[in-house]
Structure formats: structure tokens, C-alpha cells
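As C-alpha cells, here come the structures.
The same chain A turns up in both complexes below, where it pairs with chain B and then with chain C.
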Partner chain A sequence: MALASSRPSFYRSLQGTLTGLPHTRGYANSPPGQQSPFKIQNVKNSGTSKNKKAFSRKNRIGAFRSMNPSQLTDPVLQPHSNLSVPSFKPELMTEDRIGQVVAFNQTPHDPIKYFGIPKNMLLEFRLLSQRCSVIRNITVFTAEELKSAASKPSHKTRYVLTGPSGCGKSFLLLQAVQFCLAEEWIVIYIPRAKTTVNSTTTHTYDLRTQTYLQPNFAQQTLRRILEVNSSNLQTLTMREGLNYDRRSFSSGTTLAQLASAGSKDPVISSVVLETLLNELSRQSKIPVLLAVDDFQAIYNQKTLYRDPHFSAIRPYHLAIPRLILEYASGKRSFPKGAILGAITAADPMFPVTTELMDELRLPGTHPRSAYNKRSKILQEYAQGLMNLPVPEEFSPREAASVFENWMRDNALTAPANDEVFLAKYTESAGNPKAFVWQGILGTLEGAAPIVSENTPWPQLREGRM
Partner chain B sequence: MNVLRSQVCSILRRPIYRQIASVTRPFIPPAQLVFHDTLLEPGAKELDDSTVEALEDETDRRELEDDEFDPNDDRDKPHPDSPNFYSCRSSYYDNIVELQTAISRTRGTLQRLHLLPLPEFARKSLKPMPTVWKTPEEMTTDFETTMTISRYRRVTALLNELNEYLRIATTAGYADVADKIGSIISIFESGKKEAFLSRGIRKLVQLDQHGRSYTFGKRKTSSARVWMIPVKASSLQLNYDVNVEEALGLSDKPKRPPVNVTVSTILINNLPIAEYFPQPVDRERIVRPLKLAGVLGKYNVFTIVRGGGTTGQSGAIAHGIAKGIFAHEPETGTVLKRAKLLRRDPRMVERKKTGLAKARKRYTWVKR
Partner chain C sequence: MVHILGINLPDNQLARFALTSIYGVGPHLSHRLCARFQIHDRCRVKDLTPFQTTALASFLQSPKTALPVPQYPLAPANFVPRPPFKSTQELQAEFNAAKTAQKQNRDEKLLQMAPEKKSRDPLTELRIESELRREIRENIAHQRMIGSYVGRRHAMHLPVRGQRTQTNAKTARKLNSLDRW
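Up next is the complex of A and B:
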């Protein structure tokens, strides 16, 4: 009621100010930091406190201002972790090292820094003081496979890591990348393949190849490959010369030089990437690993790209996905090397398609029959892929190592004992992601309250276990 | 001498009323009596002399033939079965009398055995023997009379006293006395005694031939069927960590302590717990009874849960698991009870009331 009665006076006063003042912009006239120019005069403000000055800007106490970092003296806020995790080495990929935590240390050609990693792993590595992962039995198996693949052409070793959400496929892929790098392979790692199909990079139609080129992505990829594999690329040379767009590369140029030229200029980057891969497919000195995470994204019939007729562009009509598809299907092959892909189980935008599920013999959530639509082209591109199922649960030994690792990094609010470990393991059913994120990091359990014997209230004592 | 006097005396000497019923003579209703002067009966024909003579002869003959039965003789009438015959509730009073007799005899016996009067401390230590008497309806058929409240109370008061003597006798160890009392009491005990006494008491869960327990849990509108079986510690798990060199202390690798634990698998509607319940709070609620009882990793759990939402289903499973743990290990009963896990949470959704927007929420108050 008070507001209703104040409204006529508000309008009257406004009219007064508007007609009274000349045409000036009030806010420009008033000095900053002082009374607001729009403040209405002569309006009864019911409900405001009497002491307005206490809340004015200059009288505000600095209690709610952010503190100087040097003033953080509480021991809880001091960064100290006694994590001394051994660094990752290929010699550690043995049966008796299963359950040991190893760290990916910073090196000059760090693939994590240059290639990048999927988002979940990135967040986890930010929390930990060191970038750790645990050696599992599947890691040892993959290492054995890659060792044997070093002497075989890549179309004979085409694995897809599958498993339910959070079982450690991306981690295993990263371990494989690190292993191959340590074994002096050339590694091409695409951590987020869905960026090639979700219309986030530029695409241009190329008449010569009749595909859509992705020059920026090609440029970035060349730069990354160069940074990580520079030493290996310097030893390899081009067999044939390349002439494109008034740029020419003679037949003896090293692949490193080729890659660096391509990484600087997006105009020629797509062609340079194509040439680089062709050269790598011809040399049989150094094995090549092509590791792709989000593997199922490139097997989706419709990408997010649209052509001028607004129909969805197919992945095999885009340059980078086509490259991956060709190597994955075995149509192109490295004389020595392997192709590894890891699917993302929980991405609704790019689900695992029927063609992939048929080839990898995955059960899937819905029953499939012969009447489900399948693309013949994608079926052809999926031919020959082998399923490498990642175990969906940690073994108790592996889980214990992970638990100890986080415990030493002061990540646990709960007391670090067997009960908490077993409880979290049982709750997460051994699932690695659930164990770490919802078990260790997501628990609200704290230390049990200590009630002294002299407390007068017996019901407080009753609650103790 | 008065001639009339002799006549009066002779008349007086003859009994005038020979048909009066006495103790020795049975009572014969008048309709069955044979009257000589049938002219008194209504609608009776006048009998001629020959008929009257024949009737008189018949009566005399009957009296002379049947030596045992003499309707005029009180000794030959049938006796009533019980002395309470004339109360029309003979069976009721008979039983009352018998119970009172039994009570007095038992009291005497116990007094002779120095068991009565019993001191207070001994009375408190008597073996409790709760009994359930037959209902008044059932007793009505026994006593052949309507058991009103007062009659029922009288009977049960006597029975309760007998039961007290039975308690004393059994606790003291006099089995014969106890048996005799018990035989009397058992006539009046209800057939539903066992069921009535065991109401509200937790039924013991039996483990089947494989050692599995089958329990039921409920919360809100969810219900869960829980099967629990102990985990078999397989030797394969242990082989992982055994290394000859390490065992002998010869290797130079850092020694890691072995992890020899069995782990519990919890399957809910055939899905692992992490898949069925994405929220950690639901998972923690389910694992809590195992944690409190200290049996994490000891049992594998398989449940089928229906109805309700996430909280109800997780609460129902927790209830079922707690009952299953109690079935396998009764020593954990105290801990689980203190944590209120063995109790079916009675909280349900409160109904909406008339005049209110929801169960408790009132409509906005308007001043006018």
C-alpha cells in the first residue's frame, strides 16, 4: 500500500526533473563514485535502513575483499605434498608392476602439453601435484601388443578400446602414447576427435580432392606433431618433391622442415599434412602410432558441418576425419605401426553407431536387427577393427594404489583407513572414474567426532561407534 | 364309647391322599397319572363299569409287574447328572467348582512343599509363562451357557490363579504337579496362543542350503528383496602379489604390502551399484550397514527393488541389507539397532488435508 501511494509522487517528481533540466546527460555530469545521478528526490523510501552511510562505498570494511595470497598462513592452505611417484618408463610395463602408480613428467617434447588431453583427464591432472596414472593389467597387455606391432604394418594392429563410461579408456590411450614415445615411435595423438566433426574448425571445399579441407586443424596438428616428434622427423626425408601454391619442397627436405612450413601457413597446411602422412606411410624405419580419442565421433553418419544446401556433411567428405578413417580401415597403412582408438561411451551428441557396434561386437543398450539402418561406406571404413575391452573395474590392488596416491596428495577429507577404502570401492563397484571422483574426491565423510568420557549427555556417547 | 369315634379312627387310619409325591416316589406329571374318576376330565365320556374295572386291573398289574419302577416310589426316579442341575447352568457351575477344587488342592500341595506363600524376590524370578485364554465365544460352547463379562471374568480369574501355581511348580521343578495343572489349563487355552504371543517379535531368518539369506526391506513406497551370500576367498586373488624373490627378500625392488582383501559385489536389478545409482549419497546409504557392522567385503549382495524413487529404493535396500547382516551375524544386532537400520522407517508422504494447500502448507492469509 505504501508503494502504491508513493507511485504518483514518483511520477510527479520525475516530470519535474525532466522538464526542469535542460537537455543534458545527467550521468556525464555527476562525478564518479558519488551519489547516483538517477537517484530520485523526495520519495518516501519505506523499508531502507536509517544508517545508509554505513553501507556506502567508502565506509565499507574490507572484510569481504579478497585476501593477499601471502597472508594465507593456515597450514591447510600451505601446498605441501609428499608425492614422489616414479616417472613413467617402458621397462615398468611388466606383470609385477601392475598396481604401481607412475607419473608423466614434464619433458621437452611432452605430448600432454602439445597434443592436449581429454577434458576429464585435464581436470584430474590439475588437482594432482603430479600427473599420475596406475599401471593395470590391460596396460601391460597393450604394451605387449604395441611391442609386437612395431615390426608389423599398421593395418594388422588396429585396436579400439571399448568399455563402459569411466573405465579408463582415455587413460590407457595416453599410457600407450607415452609408451610409444618412449620407444622412439612417431606418435600422432588426436585427443578430442569430435572437434574435427562438430563444426568448430573452418572447412573449405577443395575441387582437387573433392573434399572439405580443414586448414586450421591441419595447421595445429602439424605444429603438434612437429613439437613432439621433432627428433624423429629430422631423421626422415621426403622421397618426392612437392610443388603447391607457389611453394616447392625438394625431395631431400626433412619431414621436420616440411611440417614446420605447413604449421606456419594454413593455406598449404592440408596438403602438407597429406604429404607428411604419405611419406610416413612409405618409410619403414620408424613405427608410427595414430592414436585417436573420441573415436566414435568420426563414425557418425552426420557431422555438424553443413554444406550450402544445408545437408549434413559426411565424415568421409572432411579431410581430417577421412584421413583417420582411411588409416583405421586399413586402406592406408604405415609399414610399421599401429592404430589405436578409444570410444567415449557417454557422449549423446556422437553416440557409438550401429556399424561400429557390429564390427566390434558390442552389445549396446538397444537390440539391433538386420533392419537397422547402416551405412555401407561406414561399414567399409569399420572393417577389420579389433575390440580391446578395457576392464570396467579396478582390481583391489590397483584401487589401493590409486587411493594411496590421492591420500599422499592430501586429497582425502576422511580418515585414510581400510574401512573408507573398502567402502568407496564397494560404492563405486570398482569403476575408476566413480572411485576417484565420487568416492575419494566427492565424499563428505570427515573424521569421527571425539566425545570425551566426561560429557554429561549420554546420548552423545551413544552415537559413537 | 362313641361308635363314631371308632368309625372316625378307622377312617382316619386309612391314608386319604395316597398320590402325594415324596422323596422315595418319583414325580409323575399329572397328565401321565391314571385317574379313577375320569368324569372330572373335560370332554370325557362317561365310562361304564367294565372299562373302569379293566383300567383298575391294568394299574394293579403294572404296579405288581415292574418291581424296579414304581412311579409312586421315590427311589426309582432318574437322578440329575450334576448337583447344579436346578441352576440351569450345570456345566458352568460344575467347571467352576472343579477349578476351585483344583486350586484348593494345588494350594495345599504347594504349601506342603513350602512353595506358598512365596517371597517377593522369588516371585520376581519365576519363569514367565504368558497365556492366552479362549475367547468368551469359544467358552460359550464349552460351558453351554452365554459367557457374559462377569462370568468370563470369574472363570479367567480362577484360571490365572492356576497359571500362577503352574509357574511356581515349573520353576521349582515339580514336573508332575506342573503336568496336572497344565492338563487342566490346556483345556481353556486358546488355539491362537502361539500366534498371539509371537506378534511383533522379529522372525528369525533362515539361511538356505547355500548359506544365502533372503530378506525384505521397505522405505516409503519402495520394496527390496535382498539375497546375501558370503564371499568365497579365492586363492587366485592372492597369487598376484606372490613373488619368490620378494618373498625371500632377495629382490631390490621396493617392497609393497600385499592387498589380500575380498570385495563385495552389489547388484541391483542385475546392474552394478555404480550404474544403478549415479548419486553418491544413495550408494553411501546402501553401503552404510555393511560399514557399521564391519563386514565390508564379506558378503555379495543381489537385490531386486521395485517402486518409489531413488531415495526410497536406496533406503529399502539398506533396510534389507541390514536385516540380512543380522541374519548372518546376530552379534551385529546392537550396532545396527543403535543406528536404526533394522527399523523400517515409518515416515511416509503425509496426505493433503481439506482447507490446506498441501499437507501442512496453508493458503495465503488475507486480512480481509
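Up next is the complex of A and C:
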């Protein structure tokens, strides 16, 4: 009884101290103006009280909220990189510059900004302070080929960059695009050709061309071509006039004006794109490069599109893939220029097909025989493509440059010495993507623990400061 | 917000998914409907053109009376299209005229041949909403009329397909009846 009477006074005395504490834990509070998500709202409901709005996006707090970048004032979070990489120039494409890292700087007609780049490269460029790539021996070779292609019709220079996953095909294609732009070519770069065949853009049947037009994609492509090549397109004019859908373009209009009109209106964009490419195929003043990544996607027999009778639409019955196929097969050609394609080795939805593997003489994963099904039409569209195998490993010099580049950008947690470099180079077998992503960025090695010599039994004190 | 058959389709949903909210239309039928009206897989409801919306709505109002989709020609490998001087309407009119002329010749030949093959397109026998509910009601009524076990179980509000009743027949007791829909 004595104890029972003393307990309330004990709690009362405790209360005094508890209320004295400041209420510091405010991060679990709901944002102002909204109900607490964890409070039971309707007690009257039978069974569980499901507050459905509690878990809606507005009310959800989560474990943390990411801060505004302008609030990151702590010195630890400030960028400390001392990366000063020389910018990319066509004069650097020589044998003695192999192994040098160059940067793609932001220009007013930046192809990376307007055309876009494949997803893997985008992620890598987000991490680096500057958008860098290394000059390899294959880069120099490609540059030489493109220089000689500047005076030949495009059906004589049709290369497909091949190689295993992560060997640098997309990077090489981007380097080729930047090289040609610097050499004043007209460049048409389609970084993700997969999007033309995977049923993500509008398609409408057209009786005149007897194909399915893709007006929104054509509009986007025209806008991109215009933004990157505006200076070149302004010097070229149309040879024949165009009358379509109550719009008329007389024969002297510049291609820039034509492209700009097409990029604003999806109704005429397909016809304008076709006319633009026809005009580019007739002029022999400026060489044209057509660079396509995900090249194997347009050689797959069935796209993800379905026609009104629910059978799969073939890539050569879709407007944009048909254009690429016609230029890639040499049926249509630019009087000066080249066609470059880069395959994506590891895409299960759009694998490299038998017709392409036959033409490029790739070994493939499974043995092929004369009994494998092949499409005659796709074989026709693959005729004359030349294989440009990208070496599947970095040379030690190239790898060292890449390692130093990331090191200067403070990407390494491990100490930057020869042992780490050689270890990562060996572990990744020189494969560029594995070397960067799993080797440099994915290494678990940290800085070695520093133990002063004066402490007794230093080996026992290792790690404990 | 697009209204089809009185059902409100939210703007930001994928059209292919939104169509499954119609009673009687599941993922496969929805895919077929989208293919018929040239709606690509990632099209949102807000991106549908007014023409597509009206075509969908009028088709779903009465699927049986809808015109069959003609087989449009597809470009062969070395096809060079004509220059874009004629408008789409003129080309369509030419195509229709050519088709009717072809059909007249075929009809004469077909009169002598065997009856038409049943088409494998499920959209031709599409039943949705009230029609489908009526069909289900008629099926249950038919089972009762012939005095079958299935009919009796529906009448007794008990499971029909051989489930246990000693425990756990809650859904059947709640929902099974002769006028279910």
C-alpha cells in the first residue's frame, strides 16, 4: 500500500523532467497543412481503418527527403575535382594521341544535348565532371575511314560497329558523330533506334507510301537535325517545290526553313522528313553521316507494333526504320557521306538476328546452318554492310588514361597506385565498361589504415585510431 | 477525362490498361482494340486523338455492326511512293473504288464456293457490359430450367464447382443466386 501511494508521486516528479526536454524529433511530423499519415482517421470503420490517402504520394514522407542542391553548403559536399581535359578536336585523331582523354564540351549545337545519347553513356556522363572519352586505335581508324568517305557516296561506306557487351561501340559512334560535326558534315544521329520499333510512338497508316508513318518521331528528328545542323542546312536550298496539305514550299527555300516548318507540325512532319532526305541525297556539297545506335533493333523481323488485324508490323513497313534500312542497304545513298551503325550486344528483346550475323560474319552464341529461318527481305536490306569490330579490351595505355581521369575526378576510394590499377584491369579483363563500373566505381577497397609506429603492438591496433 | 460507354477513363493512364476497366474487356482484348485503332502500347488516354476516341466509342457501342477493317497494301522492298500531290481523301476514294470493283468479281466466284470461314478475330464476337451480364444471367437461368446440379446450387446460394461447404463458402453464400447480374 505504501508503494502504491508512492508511485503516483514518483510519476509526477518524472513528468516534470520529461516535459522539460525539448521536442527535438520533428522529422516524423507530416508537412504543414496536411494530416498526419499515421493517425487513425475513421475509428468508426469496422475492421481495419484503411486510410488510403495516407500512402498517396502527397502524404508519404519516407525515410528522408532529398535536399535542394542550393542548401548543400557543407565543404565536404562541394565539388573538388581538378579535371581539366582538353576538348575534342579532329586534329587529335592521330596515332600519337592514342590513349589521350578528350572532353565533349557544351557548344551551341551540342549533339549530346539535342540528339541524346544511349542510357549507359548518359549515366556515366552524369557522374563525371566533364563528358570525357578516350581516343583508342579504333577511333583513329574510324576517323581515317570517315575522312576518305567524305568524297565517296554513302553506299560505299556502310559500317556496323560490333563487339561484345561493354567494349565501347556506342562511345565510338559518339566520337564519330563529334568528329564529323567538327569536320562540317551534316550529322543525323539516332541514339536509341529501339524506340522506333518498340511501340512507344504514334503510328498511322498512309496509303501513299503504303507504310505506317511515325509523325511524332519524325517531328522530333527534324527538330534535332535542325538544332545541330542549322548552319549547314541554311546554305542548302530545295531544288523542287513541295505542295502538301495546303502548305507550299517554293523551290528556293532553304532546308533549314523546311525542317523548321516540319518540326512544328506533326501533320506534315513525315513528308517534310522524306523531302529533306531526298534533297540531301541530291546535293553533293556537304557530306552526310547517318549514325544509328541499337542498329540490330530494326533488323528484327517483328516489331512490337500491331496492325489492325493484330499481326506484327515489320520494320520495313514503318516509316523511320524503313528509311534507315534503305540507307543502310545502299538502296538510297548520299552522294557524299557514310552510314554507321552500332549494335547493342545484350538486349534480349531485340537480339542480333541471323541475317545480320551472316552478313557481318559474326560467330554468334548458337551455331547457324542453312536450315535456320532467314527473311529474304531483311537479307536484301543487310546486303553490303561491313563489319567494324571494336576491340573488346582497353590497351594498358588507354586503361591507364581512363584510370587517371576518374582518379582526378575523385571517383576512387582506394589509394591510386599501380597495384589497384593492375588489379582492376585484370579483374575486368580490360573490358571498358567493366573496368569503369565494376573496377573503378565499384571497388570496395578503401584507404589503408594509418597506424603510428610508436604504439606497442601496432598490428593489433590496426584500424583503431 | 475521356468518357467511353459512360465509363470515365483517367487521363494519365495508359490507354491499353484503361480499356480493361470496361466489363468484359481484359488485357488481351484491350491489346486487340488498341491495335485495331492504331493506338501504340505506351499511349496515354490524354494522347488519344478525338477521331480515335469516337471510333473506339462507336465500335464498343455495337461491335457487331462495325465495318470490317480492310486489308491495306504494304510496301514491297523496292517501292517508290508517288509524290505527295494528291490528298489522302482522294487516295482513299481511289482505293475504295478499286476494292469494290475487286469485290464484285470475287462475289460471283464465291457464290459457288463453300460458306465463309469463321474469322478468328475476337473483336467480331465482342460482348461487353450489359450484353455480357445478360448472357451470364441467361446461362444461369438455362441451367435452372433444365434442372441441373449447377442450377440447383445457384438457387441455394451454395458453391457450384465442387468446393467444400463444411467451412469457407462465404463468397458463394453472398453472391451466388439466380439473378446474379
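Heads up, the rule we're going with is that the second predicted complex is superposed on the first by the 375 of 465 C-alpha atoms of A that agree within 3 Å, B and C clash if a C-alpha of one lies under 4 Å from a C-alpha of the other, contacts with A are read in each partner's own complex, and residues count from 1 in each chain.
Keep in mind that, in the parts below, contacts are C-beta pairs under 8 Å (C-beta built on N, C-alpha and C of every residue); 3 or more make two chains touch, one makes a residue touch a chain.
Small disclaimer: the values here were computed from a predicted structure and weren't measured.
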| request: Overlay done on chain A, so just call it for chain B and chain C: clash or fit. | output: fit
| message | Tell me the contact category for A:127 with respect to chain B and chain C: first, second, both or neither. | response | neither
| message | Which partner chains sit in contact with A:205 here, chain B, chain C, both or neither? Use first/second/both/neither. | response | second
| Which chain, chain B or chain C, is in touch with more residues of chain A? | C
| task | Using the superposition on chain A described above, determine whether A:439 touches chain B (first), chain C (second), both, or neither. | result | first
| message | Looking at A:431 after the superposition, I want to know if it touches chain B, chain C, both of them or none. Which is it: first, second, both, neither? | response | first
| Touching A:451 in the superposition: chain B (first), chain C (second), both, neither? | neither
| message | How many Å separate the nearest C-alpha atoms of chain B and chain C in the overlaid structures? | response | 26
| note | In chain A, both chain B and chain C touch residues none
| said: Looking at the complex, which residues from chain C come into contact with chain A? | reply: 31-32, 34-38, 40-43, 47, 69, 71-75, 77-79, 81-82, 84-88, 91-92, 95, 121
| Can you list the chain B residues touching chain A in their complex? | 237, 240-241, 243, 253, 256, 259, 261, 263-266, 272-275, 280, 283-284, 286-287, 290-292, 294, 296-297, 335, 338
| query | Tell me, which parts of chain A touch chain C in their complex? | reply | 198-212, 242-245, 271, 304-310, 314, 316-317, 322, 331, 377, 380-381
| message | Under the stated contact criterion, what part of chain A meets chain B in this complex? | response | 96, 98-100, 164, 395-397, 400, 418-419, 422-423, 425-431, 434, 438-439, 442-443, 462-463, 465
